[in-house]
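Shared between the two complexes below is chain A, which has chain B as its partner in the first and chain C in the second.
Let's turn to the complex of A and B:
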């Protein structure tokens, strides 16, 4: 019988290697489609955007090397600086508000039983709409003539407000994004709250802790990892604010709602300055990466 | 309650306990009412704009600016819908969206489960490094690579084509993580038994793993479909003909630079929300699970 035959050392090694090679090849075949797509649409663009940031042109003609010109331009450009500041200000307005409201709603939802599924569905509903649609929807909310908000403003006896005017436009956009984001964050926080061990609350109650003390000393410390992680995600997503700006204001008035991605889009596809857009893109990439890593380090440190 | 012999307590103490209990019951009831009130307010804020556009979509654009507003149009005006469906390429946009979102979803389901299976169950050199690399790509925002992605797709002559819309959307790492996590939790006995019977790795993946992770497939499917359903920047950049637009870009194009037919925009919004609302009513649980699964990337 064949199995009775002892394999020589060399033969054994050869068979083992062939078997392993076969196994590895199979594994890589499973990964191949994704690896090709990642190489073509993530890795290549990553380096290409760096390459483009040292060039001029490239959309209509061949790119021309210009050294650090684009970089010195965006570092000195007032509008570029303003887009970064606008984006940060927008995040400062939107992220804490949406987190506070959503956490509050999640705490309330945790308390009730009857009708909970329906209420969850209603609160989640705006998240289903594409941002473009949400932005168009908000035109009907904020329109000076037939908007819902001004209907209430008038009913209270005030003069109608221009919700997309100087000073109001960026907060209005933040309000829209908060409105659309509440459903998502509420469900995320609710899922986190429901996974907390009930025994700790029972123990706190026996110690005589009221709702606020329970929240402050049990819920909040336990939620800390979720909250920090949520902040990272919210930072990455909100830094890329574009759709609603594109629909509602196109950056105006006086660049007050001009965001980083809006600036990238404009420079590349309308001002024919892809080099400037590329430099800005890479800058955004760096900012987002640094922010994610800092927050991730904070998360690790707390554990 | 931890009151073993209430009958031996003096009457005054019993009364006090009763009062305290009533007080705390009343406080709890009040708190419950307040909770419902706040939650219903949140529901109203979330839903009301949708009802408002539903109402507006049955009005002629010239009748929008009536004050006070007429909440239920009487008589209803159907012109916005007929214009949209028969004079604008709205149905074509819907078809485009379905083709793109459907293809991306099917392809992602296939290749992400394959990659997830490899990372969860197979051994190969550089496994850890490759996984870390894919983890790192999650920090690259799509907007940052928009320009070169556009140039690559243009170089491939895929502007204004379905492939051009689909291909870049496939390079996203989240599904691989979700599937790896799910497949890792499956017991190895089944696959090992199949391996002993001489099953190939592909047969194991196809006949054993895939049927076992059906719930995860539904979650990833909804997540991917919804991401494509709401996508805007990439379709905006890579298509410039009216008949290759997807719904989001088409809807945005209805908002003119100077003059906008708001009735038309309202009707378009209603038509876009309608199918997704119906799906949501039936699969609510999966929708919420999908959006959370996409978010929890760790």
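Let's turn to the complex of A and C:
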């Protein structure tokens, strides 16, 4: 009787690799087209923009190395500072508002059985509307003479408001973005609410929990993963506010609605300063990462 | 009870989400901001047949050697494709050896489209660019010199036909890079009915700023029911088009004469901004800054709620089509302490430095900017023409007046690669006073500082 030959370490490693390759190659092959696109359109531009941030020109003309000039410019630039503050203020106005309204709507929709599909479609509609259409529509909503907002303002006995004037333009843009975002976030929260196990609510009811107690002690804790995801994604997306600003105010009045991405666009395409735009892009990346980490720490800490 | 918190994000899962999310977002922002094209090396030598290197010829290319040139232009009307198609058909009939591949680009994405097109190294052979848009392309060596073409004796009579100011604006640092096309200009549209109701006559326009305010007051009703004067004032509407003539007329300019500093931080600039702000804040004869966008302001005029509207010449074409229920006339704002000008700007035809078909491109530009072709185009779109050898708008007294009396007074931009940033920085600060938030002196100082920073 022959005794089984013992594999050496090297043979063992070789066989393990071969096994793994056979096992995973199909998956890698399926992933490959996506990875190529990812590298071409995200990874390469990422490093290209990093390169640009240390140069002047580089798009229409040859790049000229300027070291940290673009970085020191944006750190000392009054407008760059204001764009960051405006963007943060906008996020403070828009994200809590859209989450509160969307969560409220999702809780209501969860209870509606008849006609819920129609209502969901109606709520989701603004999300589908192109920004140009949404902005045009809002020009009528905020029109000083016949806009619906000023109609209510007048009905309450106040003077009509200049909705894109000093001090009001940024909140108006936040309102527009909340209106556009409600559909998406409502559907997300509704999906999360519908996936929560009913037996927990039944148990809570047996324990004497009312609607508020159920929401506070059952719904909210179970929604925490969704809320964490939602806060982080909302931060990332809303920090990139651009199109409504570009269409409605172009950063005005007096830079009060100028946002970070608006300033990146302006520098890169209109002011012929792609290096400044690139440096601002990385500043934005840094801010988003820090904010997301802080959010995660805060939300996880309360578990 | 299941541990649902365990379904939450682990630290690793979160970091994965965060990294991919931020990479995606920043990546997309960077893509949007910087395009996807590699840097175009600065051209070191002209193309083999570029105008700079080759003696110009007026003979069209021969049919046996068919050439196709690409031509990009943003629309002047919703009928751009059809109308330009007719122009191109006329050109191709005269020049059987040249075909024109015409692309209508959008104004909304103008910057991205042209920047990407030129950065890719494959720009259109011929492009149409408004003055303030072309400067950065010229500054980066992306536009071909047309000197050898325009200085050719066969072009002398054509060259002489152009008004001096647009011709000079097509000259970038001593090199002609653009051939003027049409021009736009701003002046006041006056509602005759409202003038008459106030006991005024449009045939006697206000002769001074004091009189302008007086007229506007007489035609303003409280609660925004009727305004004596209206003009776009915001940055998003490029309010400087409807306001900078007051600066020019007061002796101010965007930049100083040496183009290395602001040209409006002087008494003329302060007086002009003070006057514009006073119309809104002190005399309240103009709608508040930002309360209406440009379309809204024009609608007010159309609805008979504005007596004097500072607007563009082409607006007359729309008013004609809309058949306003009242008659109107046009006139320039009153003369300032220094001069009386209309603010306007010009469009130019350019040939890309990277074009390998500059001679065919020049033939096309010559055709499209010739008096009969351009004259018909200007009339179709209600623009002014900056040539003295064409009589336009024989059947339209408003346009005829604009072309004859106002067009020669157009004063446009100065040529500087950072002009668009200068305009943006300057007007954004002026908004502080136009929104009644601070004195004109402070806004002028802030704007001048901002412009100095841009130019530094």
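Rule of thumb we're sticking to: the second predicted complex is superposed on the first by the 252 of 303 C-alpha atoms of A that agree within 3 Å, B and C clash if a C-alpha of one lies under 4 Å from a C-alpha of the other, contacts with A are read in each partner's own complex, and residues count from 1 in each chain.
Here is the rule we go by: a contact is a pair of C-beta atoms (placed from the backbone, for glycine too) under 8 Å apart; a residue touches a chain by one contact, two chains touch by 3 or more.
Model, not experiment: these values are computed from the prediction.
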Simultaneous placement of chain C and chain B on chain A, clash or fit:
clash
So, A:292: does it touch chain B (first), chain C (second), both, or neither?
both
Please indicate which partner A:269 is in contact with in the superposed arrangement: first for chain B, second for chain C, both, or neither.
both
Which partner chains sit in contact with A:253 here, chain B, chain C, both or neither? Use first/second/both/neither.
second
Considering only touches as defined above, state whether A:69 meets chain B (first), chain C (second), both or neither.
neither
Identify the partner contact of A:49: answer first if only chain B is touched, second if only chain C is, both if each is, neither if none is.
both
Between chain B and chain C, whom does A:217 touch in the aligned arrangement: first, second, both, or neither?
neither
Would you indicate which of the stretches 6-14, 24-32, 420-428 or 438-446 belonging to chain C has clashing C-alpha atoms with chain B?
24-32
I'd like to check the shared interface: which positions of chain A are touched by both chain B and chain C across the two complexes?
41-43, 45-46, 48-49, 52, 58-59, 139, 145, 229, 233, 236, 239-240, 247, 261, 264-265, 268-269, 274, 277-278, 281-282, 284-285, 288-289, 292
So, in the complex, the side of chain A touching chain B is made of residues 23-24, 26-28, 30-31, 33-34, 37-38, 40-46, 48-49, 52, 58-59, 101, 104-105, 108-109, 111-112, 115, 117, 119-133, 136-141, 145-146, 148, 151, 154, 179, 182-184, 187-188, 191, 211, 229, 233, 236, 239-240, 242-243, 246-247, 261, 264-265, 268-269, 274, 277-278, 281-282, 284-285, 288-289, 292
Flag every residue of chain B that touches chain A in the complex, lowest number first.
31-32, 35-36, 38-40, 42-43, 45-50, 52-53, 56, 64-65, 67-69, 110-112, 114-115, 117-119, 122-125, 127, 130, 134, 137, 139-152, 167-168, 170-171, 173, 176, 201-202, 205, 226, 229-233, 237, 247-249, 251-252, 255, 262, 265-266, 269, 272-273, 276-277, 280-281, 284, 287-288, 291-292, 295-298
For the chain A and chain C complex, residues of the former touching the latter
41-43, 45-46, 48-49, 52, 57-63, 77, 79, 139, 143-145, 160, 162, 164-166, 169, 197, 200, 203, 221-222, 224-225, 228-229, 232-233, 236-237, 239-240, 247-255, 261, 264-266, 268-274, 277-278, 281-282, 284-285, 288-289, 292-293, 296, 300, 303
Can you list the residues on chain C that touch chain A in the complex?
1-2, 4-5, 7-9, 14, 17-18, 21-42, 111-112, 115, 118-119, 136-137, 139-142, 224, 234-236, 287-293, 295-296, 417-418, 420-421, 424-425, 428-429, 431-432, 434-435, 437, 450, 453-454
